[in-house]
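Labels run A, B, C, D and E following the written order; every chain starts at residue 1.
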């Protein structure tokens, strides 16, 4: 037992730069595979509903808009989403129609704003490998 | 003038009360992590307070269980005006994976009014700070 | 002591009490007994097999019967003691006399399955939340929860 | 004069909703009741309505601190039911995350113990260092807390060389810092005065009351699921079970520090010996009828899942027993004769994870209006009759 | 003119306004040092370097709703914070900041003022106890009983330690004691032990870690302040801040040779010396864990009180030797 054992360590840190990252003014880096907000690339989606079936939090909702024209509506409820990226794993298309980006600062005062909606026509079964990369940002 | 001063002081000194309404602890440790050197919310004058009487902002996490519902309402009533509620994490917003369980009431907003929603499961400490900053910007 | 040794010695010790003995996986032994023999079996397991540690009691609704599984953990194996009680008359003896730590799990069973644990040191009813209705046991298969509609405050739609 | 003080369900020492009802005389606790039910979410019922895959994420969210341990325990069991053999690289990554999680959980706990004792500097320094392991976990899995790295038949993400070297680097820093901080933390007189000799639990009673994990090991019982029921990779690793025989909070701190050092060792072994190959095997959507008992050593002790399958894509029954629940009877034992000031420390010493414990259990009063619920006195009397009341004396020895 | 001076003295310097400004500054200093010792930043974004943080806290609390619990003794509950502030502010007036000059002594400098200031510093403790008792909350009650229990521990060592320099200086008047040590700075050295005893006792009086037992958040929620909110809480916080200034000013006056040099230099002395004391107090706060109330008592009677007695004996011997 030593009296004031922590003293040297404390005094050493008094003149050192704090470990604090001055967040909003200074952004923190997220790793490249960070699981942020999921989004859909509607031009690739074949509406197999694997994501809806596997989502553990009921965050994905796919409804028919116009069965004749094969138009569908997909809603991702970001307020329910647990960011597990199982939808990305379940998605059978290549490249994947369900994607996840590293956006995480999406706090809002209205839950309705956390819904992301896409209305799209079903893609043909085998989309071309070089599908245009058009990541539709979630309508936050 | 007086109003401006009050508003300024309110923005600059939000004291928080951490309220766990049946969460899985993930959001709670992230809220606690926001106090520690890496994030250090004391920069904004945020202090974690123990009693609802001292608090301005209630940070709630977790789906509301039936048993704790009354307590939440009581704690909300005990907090002096003006008071704000931040719901942190998917559970506090909508019940997350526990949606449809028999002992869950749903999100915090099913019980008390919520001013800010912070998504994430769990929300990162910086996302929580972001939520607090957005709330303060709204005042 | 290997698994087969334990099985053999359990056969000797329990005799006719052991209705069924199986060793489906390494370090996992399943034993079936009648509810009346529970306390005696727990005592034997505790004293002879170093199974003073009751990991938990699982219950399962098997239609006509409720099945209860007492998972005893010894340093070499998990001995699961299985017993079944009829749904029409769900009664079970308490093993708290042998293993005091069992009380929480027995009270949990009372709550979730509506069995009566006889001889439990604390027999008061333990229900779910304070406002939980009588006679509702969530883990019975015929019990279904009806979801309430969620109303999202504010905003459009 | 004796009166009752309620601790919780909303109390700064707890962070989680649980209600402790202490009968105190002056500053001394004469009786303690624990009342659960505030965190009960009805998970076991819910699990029967979810598919095998959805249940991974559900079990993961039983608890945020030991999220990986519940998911791993569940996945282990389901793999046995489905007769799947995950590839070795997948297993190594899975248990690498387990050990990293143990490091994060124990660092968290040590910090919280400091905080409960009012030693905020210790809290700040441990939590600052904990950010290193959080960054590693985030880098591996993509999230700081719920890693979601497990899937049926393996893991979801692979490790590359850069990540491997980063892990080794981080662990080396952590080892250096934690040894330093625990050495000086352990010599701070006011801190030691608070934790030594507090919350006694003798070896006999620890066994009788079915305590698990560090609480059991701090009472001198060397039991660890990783040793006695080695799952997959643990029998290939070289590690020891950390024990202490002082039976008090100091002993529990010592056990956790020892485990931390063992975990650093294991992480290095696993990263260096990471086999090549696939990380995941293809899993079927349905499991054959059957049952299994799966055990796993979570940071807080033995975690046990009992899984029954009925041939569909949903489990027939999933029973979860988290370590904290097993420690409650022992906690009540420890609280008696303590001071009010010791409540947070003793309670923190079991590393309570109420959300774990309460995934299904609810102990709530009858409508008689009487508040106190789990009357542990009877239980205690029985335990006393069985084992006598002689706490083991002896000082915990620091691993340095 | 004299009336105006009195008013200035009471209200501006070193009265209420000065005490308010300086005590909030001291709180900021304390928080900032504490944070930096823990490798954090501390208050940063309120005013420059977060300097206005305590003022923002104070104003916010003033503007908040003020809840008086149903069961509480309402009159006592409401009036106590104001009395507490008044008592410590009065103690603040006795500090030899203005009235340093022995030739032209201030009105508040009189033989025996050191006793009065110690007495005034004891009063807030009793007020805290009453506040806790009148709020009738369970946690407050426990906090209140802890406040009183602790009082019996630290008060005697504090008195002994603070009075031993006075014995050496042969005066019960702060200004004279300060002047005595200004003239003979070497004599401060024998008082070093007493200084540390007094430092620890002051830490206990101010209820800071390791002695923050009466309002230990992790044990008894807010302790004495559990039921206080709004204006009353603001006043209590200010009371503690002012008490911090007065106590550190007292230690600086008695153990560090006072604040000589007239209005400007004297003021600089005051600031530097009190900040040194506050820095030491913050260091103790960061260094230790909270101990139990029984440990406080045994610590103060087994360690602090004997040390203070030794100090006193040493001083008496030294005095005999000098004369």
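Definition applied: contacts are C-beta pairs under 8 Å (C-beta built on N, C-alpha and C of every residue); 3 or more make two chains touch, one makes a residue touch a chain.
All values derive from a computational prediction rather than experimental measurement.
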Contact-graph distance - origin chain A, target chain B: 1
Graph separation of chain B and chain E (steps between touching chains): 1
Furthest chain, CA centroid comparison against chain A: E
Chain whose mean Cα position lies farthest from chain B: C
Which of D-E and B-C has more C-beta pairs touching across its chains: D-E
Geometric centre distance via CA averages, chain E-chain C, whole Å: 61
Inter-chain centre distance, chain B versus chain D - centres from mean C-alpha coordinates, in Å: 26
Geometric centre distance via CA averages, chain D-chain A, whole Å: 30
For chain A paired with chain C, centre-to-centre distance based on mean C-alpha positions, whole Å: 41
Contacts with two or more other chains, residues of chain D listed in rising order: 11-12, 37, 40, 42, 45, 54, 57-58, 61, 121-122, 124-125, 128, 143, 146, 188, 362, 364
Numbers and ranges of chain E residues touching at least 2 other chains: 35, 37-41, 44, 217-218, 221, 286-287
Shared interface positions of chain B, touching two or more other chains: 36-38, 40, 43, 50, 65, 67, 94-97, 100-103, 107, 109, 121, 124
Residue ranges of chain C touching chain D (in the complex, touch as defined): 25, 27-28, 52-56, 58-61, 69, 71, 73, 75-76, 78, 80, 96-97, 99-105, 107-108, 111-112, 121-122, 124-130, 132, 138-139, 145
Chain E - residues contacting chain B, complex: 31, 35, 38-46, 50, 52-53, 55-60, 63-67, 217-218, 221-222, 225-230, 233
Chain B residues touching chain D - in the complex, by the definition given at the top: 18-30, 32-33, 36-38, 48, 50, 52, 62-63, 65, 67-68, 71, 75, 91, 96-98, 100-104, 121-122, 124
Footprint of chain C on chain D - complex, ascending: 37, 40, 42, 44-45, 80, 207-212, 223, 228-229, 292-293, 295, 302, 304, 306, 308, 316-317, 319, 321, 325-326, 328-329, 360-367, 373-375, 378-379, 382-383, 386
Chain B partner contacts - residues on chain C that touch it in the complex: 128-132, 138, 145, 147-148, 150-153
